[in-house]
Each structure stands twice: as C-alpha cells, then as structure tokens.
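Presented sequentially are two complexes of subunit A, the first with subunit B as partner and the second with subunit C.
Our next item is the complex of A and B:
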C-alpha cells in the first residue's frame, strides 16, 4: 500500500485515505494492538516510572517514594565509588569482548570447514552458553583452586606455581572475563557461522583465480563481508558486558574468604554496585532512587558507546548489495 | 377468621425459620473459643526447616481452629532483607516472619519490625525472664532498645572433636569445663594435622601441600563472625565495639592479636582449613567426614553427623579461654511481626505461641536449635536428644553464663556493607589469604568502617 500526504502528517494521511485503505489501517492496528499494549505496559511504562524514581528517595519500605529533585543525579557525579566500578567494568569489557570476538571468529572459521566432527564441536561449544551461570561459576571457581584445580595443576607440571587468580586483585577480573568468554563462545561461533555461510562462494573462487592466498582471501573477502556480523556481535557483547553481575557474585562471593566484588573491590562492577545501593546498603542516598539513577546512567553510557560503534561502523562495515 | 388465623400461623412459621437460620449461621462462631482470622507467615531454610515450620503451624491451627494460616516460602525473605523489601514494596509482606540474626537490626532501623514490648507488657502470663537474657539481648534493636522479636531458639559455638584422632595422637580430650586455652588448641592442631606421608604439622618433613587430616576448622575462613569473634573476644578484642556495635574495633591491639593468631594457624602452622581447601569442600563437612580433628561449630553438626556419618566417634567441649577469659557467640533465630501487618493482635497470638508453648515438640528437636524458653533445653528436645553428644549441656548451655558470651559483634544495621569492600571485607580477605599480616591489613581500616557506619 502506498500512501501519499502533502504535509506528511498522520491526520492528513488518514483524511486522504480511501475507505478501503482506512479499513486496512484499522485492521493492521487491531492486529498490532496487543503488542502495542505490551510495549507501553511492560517496557515504556516501567522505563518512565524508573526515570521518575531517579528524582526520588525510596527504601522500598516507606509507603511511597519521596521527591528529592536532582539529588541522586548530583550524588552520582560526586560518588567516589562510581569511578572504581566503572573502571572495573571497562577493564572487564576490554578483556571479555576482545577475547570473545577474536576467539569465536577463529573457531567459527575452523568449524566452517567441511570436515568430519565439525557438527559435534559446534554442539560442544554451544553447551556452555545454555548452561546456568551459577553452575558455570561454581565449576570455574574449582578450576582456579590451587589445591585441586586443573589450571594451577597444569602449570605445576612445568614447575610453575600460580596463585588462585580469583584471589588476586591484579588477575581476578581477567579470570572473570576468561570465564565469561568461555561461556559465550558458542553463541559467537553460531552467529559467525551464519555470517560465513552468507558469503557467496563465487567470491572465493574469483579471488583464487586472481591468485589470492588463504590469508588474503580471509583478509579481503571474508573479513569485509563478515563485518556486519562483527558489528552485531560487538554491539551486543558490549551491552552484555556492561551488565556483568551473576558471574561476579558466584566467582567472588563463594567460600574463598572474599567478599562479592573482591578481592580489594577489583571485580565490583557497576551493576553489582547498583544492586548494593538498591537493596543492601543503608546510606543516606541508598534505595531504589539512587539505584535507578545508576541504571539510567548505565543506559546512557551504553547508548553513547553503541552510537560510537555505529559511527565507527560507517567506514569499516561493508554490506553486500543485492544485485537485483 | 380462618384467614386471620392462617396469617398468624404463617408469621410464626416465618419467625421460627429466621431464628433457625440465624442460629445455624452464628451458633458455631459464638460457641468457638480463641482467636479467629487469617495470617500469612513467611519462612525460609532447607527442606527439614520447612517441614518443621509446617508441623508447628499445623499444630497451632489444630489448637486454634478459628485461625487460618498460609505458610509461604517467600524467596528467602528473612534470610535476605532484599527479598523482604520487594515483598513490602509489592504490598505482599507476611504478618509474621523470621528475620536473619544478621539483618534484623537493619530491618529494625527501617521500622519494618513491630515493637513487641507493649504486647509483652499487656500479657500477664508472659515473662521475658523465662528466656535466657542473652537471647533477649539478641532480639533487641540496637538503635532504640525495642523488642523486635521473640526467640525461636538459638545456637552457640562449641568445640567439636574427633575422639579417635585425639586417641591416635595420644592427646587428652578438650576438657568439658572449658579449662583450656587457645594456645592449647594451637598446639593440638599442629599435632593433629597430618600429610599424606603421615608427618604431623610440627614435623620438619611435613608437606603443607599434601594435607590429608587437618587439626582444626573454624568458620573464620568464610569469613564469618561466628568463627572469628569468639577468638577476638577471648583475646580481649572484637570486630565492632561492644555492646553497641557502633564503631570499628579491629585496630585494637587485642583484635589484631586475635587475627594474627588466626593467620598463624592457617599459614604458619598449616593446621587449619585454608580458603582454597574450604572452597573444595566446606570445612565443617570435612569434620563430619572425619578429615578434621577439631571443629568450632554449632549443634547443627550433631544432626549432620547423625545423618551422614553416624559412626563418627566425637564429643563436644566449651570453647577455650584467652587472656580475657572464655568466650563464645550465640545466634538467635527469632519470630517477628511486620510493622505494617493489619493483623497484629492475631499475629502476636501466633508468635507468642511459637516462642513459648510451641517452641518445642515438632520443631524444637528437628531444627537443632536450642530451645530458649524456660528449661525446655534441658529435656528431650535438646540435651537428651538421641543424637546429642555426651557433654552437650557443658558445651552448649553452660557458656550462656560466661561474661563474654554475646551475639557476633558485626551484627548491626549495616552488617552487609561493613563486611563488604566498603568495610573490612577486603582487609580480612588479605589476612585469610596471607597477602598481609594482621597489623598491615587492619591498620587504618577503622576510618573506612566508621565512615560506612556514619554515612
């Protein structure tokens, strides 16, 4: 259906539309109405309510939130812990997303080849992704255990004693990133494989005829045509990494003599801090209001980073145009 | 005439019918004694705990048929204050629930718990003196001294020891009167720690990387106040100042000495379960399994042994003394009323029953809590329970009279925060993982903890 309107306003569109077109519109909106109601009630509504909470103080005990104006927002910019938790989160993102993007690409390229056993390996790599984070965290906290954990025992074979990475301030977040990457690899491989399968075979044939080596085919054919997939995974993995919470609680809050977010606060992420301020702490500022403020600032940060990624993508992402 | 007579008869029949219906409806209510109404109760815990709550509530409803109670396992509300906050915000909070002894002060501080003192004052049959004073202290708000719960029961830390291991090492058992010291424990623990070659921890050939039997386990490895506070108290220190629990006391020389003692047990003597070994298998389960000679724990261990390793040859003793005397900690489990409950009088009726007449019987013996009401602990429900070890009374009840027996010092309105990175959590972690000595780790920590308390 093609609609025309001199002014571009919806009212004019409706007024100028034929009775048949109007009926079609009404039918379309009737079909969409359930989705729209869901969108408003479960997404836009809570979003607006949470924005309102950022201007209030509410410990969830009082009958209603108390209006405090900009106090939460001003406190956010003066809160000394925000710098630390943001730094920790960015440190995690650096390790987790880079290792995830590179390792899953490498494994996807390997598994894209038609060899025996690749299907089995694809399934094996995907299993951790559908495993609960609690189970993953518990298994990996044992993997790092210096008494019986496979990782320290592997190094011990070569006479090297390594500390429990989760108990060392310098390595704890890297260890968490390693676990997060291990768990997410299957997802990345699957998405990359879908992207690889969408690259026309004739391009490889043509490049081979032109004398391109394997690396050159990867560099000048695979990588450019896979760039939309890389962009998608980059954006979604950054968003997920900003929200790190469960793994930190399990890996650092276990029976290792360390408080969640430790050691030395080195794995305390912004979402963990949000949770602490919303539910655990009883500072003057604590409660749902300040928690919502941290959540909104996190959303703004994620939005800015995502926009920057899309801006960067303009010059680096290539889309294969449809010859039709 | 006939018509008039018939009308009169009809009126009488109608009146009789109305009276009959009214009697049928109201007679049972009028005849019923006791309270009536509906209550919700939140509970938490493992399957045995849930079973015992259900049994107790069923017994109450049998005795009070006019009361209908919905017992709900509400995602840990009570053990977790955060879970209760969501219930309160959602308007679905229970009338009666079980706060954790670690978070009830935070709840009291926020006005979540009903002050029970007026109910007690109005109840001529209830005397708080029938509960042990330490248990009442532990259910009293630090902020304003209000009574925010009644004890369900309590547990207390004692020394649990494997008699076979002591016999094999040629050592006397820890005395049942508590007349021994932490230095004795340290010496015994070294002799009772054995590597896979059979060398004890006081031998030159001992290999700390291959321990097969530990001399000692303590909850301080979590780190948990039930474990470290008795040692700090006995040394003359504490994590937070007593009795107010309002300021940090970790820089007190005796607190530092206590923590250095703990670190030496772990990393100089290698005679106690360290964090990595604890992460593999929780230390008190190692004791239940027969891998640890001495364990500092509560009566839950007796039930665990009964269930999992009934052949274990063990007994218990009170905790030893330090320079300041013998010390231990209790942990009280309590019943409380939500201050926003619309059924407070009925809730009080239930809570009072649960804490007194209902405190033993179906659940007193299963919960492995020590009944706090009157002399109930001396009977079949605790001291004479079938799986109670020989010196249960000496180890579990007599220490209630010690001057230094109280509940953990870090249980205040900011327990969660002071145990975390903003408080002393990281400093304790450095000690437990041997990154720094106790003095290095704790110097300057109080400014940080006190800032949290004042914030």
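Our next item is the complex of A and C:
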C-alpha cells in the first residue's frame, strides 16, 4: 500500500491514478470543456460582475462604472415603482399559475381516458404552446378589441357591453394571465399525461374492488401519485411567470395605444422594468447599475420561492417506492 | 358525450386560431366584420402584396431568423450532448461539483447575467450582429446538458463497450455509436431549442436594434401602429411565422414524445 503525502489532494489523485483512469479524466474534461467554459463565461462570471454593477452607476458612455456604494440598493427599497411592479408580477403569478395548473390537470385527466381521437386533441392543444409569444400577443390584442373582437362580441350576445380588458387598469393583468394560460395549457397537458401514464393500472383496479368512487380514486390514487409531476410543473411555471416580458410588451403596447406596461403601469412586470431601466429611459436612475440591482433581486426572489416550494413538497409530495 | 365535451373544449380553445386564419383571408372591407368566421370572399392579398408592402425586407428577416435558429441549435446540441455524455458515463474528479453547479444555475434567470454579457458583447463589437444569439449556444446550456445526462444514464452501456474493445477512441464511439441511437434526445432538445430561438423576442430587441438585422418577431411586431394597424397583414404574418414550427412538430412528434418521457421530465 502506498503512503499518501498530505500535500495537494488534486495532485495526489492524479499521481495515484492508473494511466487508464488519467486518460479517462482527460477525455471527460475534453467532452465537458465547452459547457464548462460557458458555465464560467456566460453564467458564473456575469453573475459576479452583475453583483458588482449593483454598487455602481454606469451609462455605457463613461469609460468605466463609477462606484456608488449602496445607492442602488437603497433606491430599490424606497422605489414606489418597485412596489407596484412586484405587486403586478405577483398578481399575474397568482392568476396564471393557478389557472394553468388546475385547467391542464383537468384536461389531462379527460384526455387520459385512452379513447380514439385523443391524439388529435392533444396535438391541437399543443399549437399555441409552440407559437411565439409575440404572435400570441398580437392575436389576443385583436381578440379583445371592442369593434370586431370575438370576446366583446360573445358578451354582446347576452346584452353585456364589456370594455377592452387590456385597456382597463383593474383587469389588464388578469387578461394577460388568461392569455398566458391559454398558451401554456398544451405543455401542461403533455407533462401531466406523461405522469398519468406512469401510474400503475393495478392501483386503480384495487381501489375499484374496494368500492372507491371516481372522485375518491382521483383524490386518493391519482393525485398523490401525480404529486411529483405537480411539483415539477409548479416550480417551473412559477419561475417562468416571474420572467413575464414578451407577452406583456405586445399585449399592452402599440396596438392598444398605450405604452408597454400600461394602462397606468398596471401591467409593468419586474423584467419589463429592468428592461426600461437598463436599455430605454434617458432619465433612468443609474443605467446598468440599477438594472443589475433589479436583476439580482429577481434572482433572489425566484430562489426563495423555489426553495420554499421544495420545502413544502417534502411533506406533501409522494414518491412511489420503486420508482428510481 | 365524452367526445362532445372534448369537442366543445377544443372549439373554444381554438377560437383564436380560427380567428387569425379567418382575419388573414378577409378583404379589406370585411376586416372589421365580427360575423365573418368564414371569409366571403376569400382573398390572399394580405399574404402576397399586402405583406410585401408592409415588410419589403421579409426575405431578409426570414434569413436572419433561420440563420440564428439553425446555428444556435447546432451549437447547443454539440456542446450539451458531449457534456451530458461525460457526466453520465465517466467518473472524474469534481464531477459532482460540476453537475450540481449546473443544476443550481438552471434556476438563475437570464436577466441577471444579461447586463454583463451585454457589456462583453458590446466590447467585442457584436451588437447588431447575430453572434450574441448564436455563440453562447456553442458553450452549453445547463438545462440541455442535464437533459442529455438523464437520457444517456438510461442508455445501455454494452454497445459502447464493444466499440471500446475494438480500440475506437471515445469521440469516435460517441459519434459513430451513441449519437445514431440517441435520436429522440437530439430531436426533442433540438426542436425545443429551435422553436425557442425562432420565437425569441427579448434578446433580439436588445441585441438587434438595426433594421437589417431584425428577426421575424421584431418585423411582425413593427407592423403594430399606435392607433391603427394593418390587421390583415399582421395575421398573415402570424400564420406564416407559425406554420413552419407546426410542420416541424408534426414531422418529429413521435421522437419528441419519446424524448420527453425518456428523460424523466415527468418528475
């Protein structure tokens, strides 16, 4: 047995390894190299630089960022706009994720009944998901228009005159959430269906023998076994909803005659605010610095919410014993 | 009863899709008619002269979009399949550190890293070139690398062992033996990435501000006027932009579903 010298663990590993193992390490790192460079150059590096920017003021015209200490952060916590922007985003998340998770579950259960023709429906529901948010936004701003839009016309059938929801401060964000849900349903259905197919049929047979009703089977067999899928979709849909941008800029800008984020700033999201503060406003607070601050707070928020969801999942999500 | 319910749902769900197609085929005079679900008369003028007048450089925008989507998809598949394979197959020092590092960064929103990356690309003189939307893809994407790793983990090792005995190098084994039988993963990820790139809007409006560099999403959006817009042309543009993606999915649907199920995205 060889003695291990205490110095330099990495070196020891290398020296003690067989030539074959060494070759394998080199091959592995060669295969990993592009992704590793990317991890440092495009993710970890910028993450740190961005943190540095939060303590500076820079308009890109000056040769270098100017250190301003905590100014951006103090401004962030006193910024009335930030309060509104966070509120808008949370309001959107509430509507969009709950309607998405519930509706796509209901539709997936309906489609799961393996009858003929369901493949066609699944394909139909998938179309909006693979369509650009820009296209979806354009279509829906046309759907909501009060002159010829099908939505106001549908209500007219019942003698109800509704305004263009996208121009109404109290409904605009809900309308955006509705559109987002419509677009994402096909994805939710696909993932739920994959989860449903993973549930062993014997469990349903056993519960039928025990005399369980349809609802009881859903509540005590389907739902617990589907909970990992629900967790996956919950986490990913929250993360996506936090980053709402494309849809909102199309739905509430241009066609409706108001600036993006309107009406009255009621649909300005975190990312839209970040974009405006970094790339648009001439009167922006401190250019890149404030944009970076908003970006960092977004990342922190997403991190906290995701961790909270996983924590909550520990007590509620049910994993089948034999599933890997 | 079951089909009736599904039918109603599907119709309600597809009202917007129908409305787009119908609007794009109406004559100018009928554009604002709320009752023209089936246009009468049907016209293709929005697709031909109309769209061409509104967007004279449509060909250029299509070329820009295709170039970005294809090249970035190729780059992503290359860098992520190699990394995913290494993570799934070999033990090597720090492997778990890299793996969990990649996993953790999947949560980092692109908006935090956006600003320093923008500054970097600006220094390189890459603003208003397609590079910022292509080159990063050649350096991996944590999500896709993770996805490839999951796929290769579920993959029998025996095939490669035979090749290794033949004395083939790791890269040759990978290209010659592993890639051909991993179609579902490549297709699923490739199509996902291609679609994301084709549909992208946030990065293009940041990096491609000059008109001749625009992609399709920017071009179609630019038709929106402040008070009045050419809705017939806009809807024609939406249809034209979406059709290739729908066809693509129809072509690869089988692989796509396989790819998603294989990798255990279902949780």
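Throughout what follows, the second predicted complex is superposed on the first by the 286 of 324 C-alpha atoms of A that agree within 3 Å, B and C clash if a C-alpha of one lies under 4 Å from a C-alpha of the other, contacts with A are read in each partner's own complex, and residues count from 1 in each chain.
The rule is simple: a contact is a pair of C-beta atoms (placed from the backbone, for glycine too) under 8 Å apart; a residue touches a chain by one contact, two chains touch by 3 or more.
The model shown is predicted, which means the values in this text are computed figures rather than measured ones.
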Just from the overlay, do subunit B and subunit C fit on subunit A, or is there a clash? clash
Which partner chains sit in contact with A:121 here, subunit B, subunit C, both or neither? Use first/second/both/neither. second
Thinking of the overlay built on chain A, is A:167 touched by subunit B (first), by subunit C (second), by both, or by neither? first
First (subunit B), second (subunit C), both or neither touched by A:25: second
For A:146 in the superposed arrangement: first (subunit B), second (subunit C), both or neither? first
State whether A:263 touches subunit B only (first), subunit C only (second), both chains, or neither. first
Figure out whether A:309 sits in contact with subunit B (first) or subunit C (second), or with both, or with neither. neither
Contact-wise, after the overlay, does A:60 reach subunit B, subunit C, both or neither (first, second, both, neither)? both
Look at A:280 in the shared chain and tell me whether it touches subunit B only, subunit C only, both, or neither; answer first, second, both or neither. first
I'd like to know which partner A:98 touches here: subunit B for first, subunit C for second, both or neither. neither
Given the superposition on chain A, which partner contacts more residues in subunit A: subunit B or subunit C? C
Clashing with subunit B: of 8-16, 152-160 or 206-214, the subunit C stretch 206-214
I'd like to check the shared interface: which positions of subunit A are touched by both subunit B and subunit C across the two complexes? 60, 142, 147-148, 254-255, 257, 279, 288
Which of the residues in subunit C end up touching subunit A in this complex? 2-3, 5-6, 9-10, 13-17, 19-20, 23, 31-34, 78-80, 82-83, 85-87, 89-93, 95, 98, 101-102, 105, 107-117, 119-120, 122, 136, 138-142, 145, 170, 174, 195, 198-202, 206, 217, 220-221, 224-227, 229, 231, 234-235, 238, 241-242, 245-246, 249-250, 253, 257, 260-261, 264-267
Using the touch definition from the top, list the residues of subunit A that touch subunit C in their complex. 10, 13, 24-25, 27-29, 31-32, 34-39, 41-47, 49-50, 53, 60, 107, 110-111, 113, 115, 117-118, 121, 123-128, 130-135, 138-140, 142-143, 147-150, 153, 182, 185, 190-191, 194-195, 197-198, 228-229, 231-232, 239, 242-243, 245-246, 249-250, 253-255, 257, 271, 274-275, 278-279, 288, 291-292, 295-296, 298-299, 302-303, 306, 324
Would you mind writing out the residues of subunit B in touch with subunit A in their complex? 81-82, 85-86, 88-89, 106, 109-112, 209, 221-223, 275-280, 282, 413-414, 416-417, 419-422, 425-426, 428-430, 432-433, 452, 455
Any idea which subunit A residues touch subunit B in the complex? 59-61, 81, 141-142, 145-148, 164, 167, 254-265, 268, 276, 279-284, 288
